[in-house]
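Here chain A shows up in two complexes: once beside chain B, once beside chain C.
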Partner chain A sequence: MENNLDRVMEEICLDPAVLGCLFADQQGLCIGSKGQASNETSGYITAIANQVAKLEPNSKMPVVTLENENQICMIQKADTITGAIYKKL
Partner chain B sequence: MVEEIKKNLYEIASKIEGLYGITFTDRDGVPLLKVTSESAPEPAIKPNFISTFCLAIDQGSKLGLGKTNTLICTYSQYQIVQMNKHPLVVTFVANQQCNLGQILALEAQIDPIASSLALTVTEI
Partner chain C sequence: MGCCWSLLCKDDNSSQNGEPNERTHLLVDPISNNIHIQRVSSENLLSRNSNDAPKKTDEQSALTRILQETATNVIDVAAIDSHNLQQQEYIERVKMYNIKINQVLAGNKGALANSLKSCLLEDVPQPEKILSGDLLNREDRHLMTSSLLAAVSAINDIRVDHKEDLVVPFGLGLNS
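Then we have the complex of A and B:
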């Protein structure tokens, strides 16, 4: 059932700069993760995407980028799924 | 001390949109600590509802998957998350749109409160 998602996650993680990725459903429950992404963060990732979307309700879903000194985390919501990709800087 | 814990729980609960309340009870559903908003459905915080969780986890352990940690019930209007913190049960009542992942991630913050309350239960 989740073969397609697994394949997508594998493709994402093929990029050497990618540290990990995570996908969550509308309720913040993790539906898949690979690499350094922790399952427990799925709720926060969904919450961030939902809160940021409220800033511009009439425009399309924004990409949220959180950056620290050595990695970035990009979050985007598409329909009911929220995805997060962790990358090296 | 209880007031401090309650204040802390209020802060935690207010950070999650749609979370109506958190209750700490013993295995019979007797409330030890309750932080709820007015919108919380009355039946979900009654002892007979909460004690049903204990029956459910006893049955769940027979499935051969080990100890039951969390039980999530999704209803048409509400979502109930119950955590097994032996000898206590922590119940979260939320609306249908609430972020369950965020509630599950609260476990680490709930653990110290549960362990301090557990001491009082075992003393009794």
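Then we have the complex of A and C:
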């Protein structure tokens, strides 16, 4: 059923710099998460992606990055799915 | 440390028997005080010049009027006997105000906490430093977009594997 998604997430986490990843649906509900990505954050991630998408509605979906000293969180939306990848800096 | 809201403080002031508190004006109402002082001086002026010719009276009254008008518009800070704050009093007042602030904070704790919580983002001291930072590099962007595309296709593949009957006869065997 969700084996494909599990496999995709495993592949993403193969990269040693990747700390975790998360995918959420249109409502901000977590579809799947792996590594250091709390499924409780899926709502926030979806909300951020939706808000940013409103800035320039006619351009491609942007990649949002949230960054601190040692981590970066990339957020992007595609159709109804929002994805987030946490990486070491 | 005077009272800014002086219009509303008048009643409080009178009720305190002139004792200085946080609502006491640092400057006493200048107009009401000065009129009295200047009126005396203008009367002196009149009496001094009363021997002069009567034709000068008009001139004199005009001068007096000007003097009086000027006097009402001037605030003579030095002449006002204001209550000077000493160092010790400053400290005492600081303590007193802090206590009052804490009382108010304790009273409205819930409301204040809620208003503070709404500030999710904090002020950035040097925004230009952050705004001029490096953009997301090509590899990371590629990682993000390719992963997302793979995930979207994987998620679209999600189907319910229909293995068992959706309706299960439950406990029928016991009755028969």
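We adopt the following convention: the second predicted complex is superposed on the first by the 89 of 89 C-alpha atoms of A that agree within 3 Å, B and C clash if a C-alpha of one lies under 4 Å from a C-alpha of the other, contacts with A are read in each partner's own complex, and residues count from 1 in each chain.
In this section, a residue touches a chain if its C-beta (ideal position, glycine included) is under 8 Å from a C-beta of that chain, and two chains touch if they have at least 3 such contacts.
Just so you know, these numbers come straight off a predicted model, no measurement behind them.
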Contacts of A:Ala24 with chain B and chain C, given as first, second, both or neither: first
Partner, of chain C and chain B, that touches more residues belonging to chain A: C
Touched partner set for A:Asp79, first chain B, second chain C, both or neither: second
Partner chain in contact with A:Thr65 - chain B first, chain C second, else both or neither: second
Which superposed partner A:Thr46 touches (first chain B, second chain C, both, neither): first
First (chain B), second (chain C), both or neither touched by A:Ala37: neither
Which superposed partner A:Asp15 touches (first chain B, second chain C, both, neither): second
Which of chain B and chain C A:Asn4 touches, first, second, both or neither: second
Touching both chain B and chain C, residues of chain A: none
Sites on chain A touched by chain B in the complex: 24, 27-30, 40-47, 50
Chain A-touching residues of chain C, taken from the complex the two chains share: 136, 140-141, 143-145, 147-155, 157-161
Interfacial residue positions of chain B with respect to chain A in the complex: 16-17, 79, 98-105
Contacting residues of chain A [partner chain C, same complex]: 1-2, 4-5, 7-9, 11-12, 15, 18, 21, 23, 31, 63, 65, 72, 74, 76, 78-79, 81, 83, 85, 87
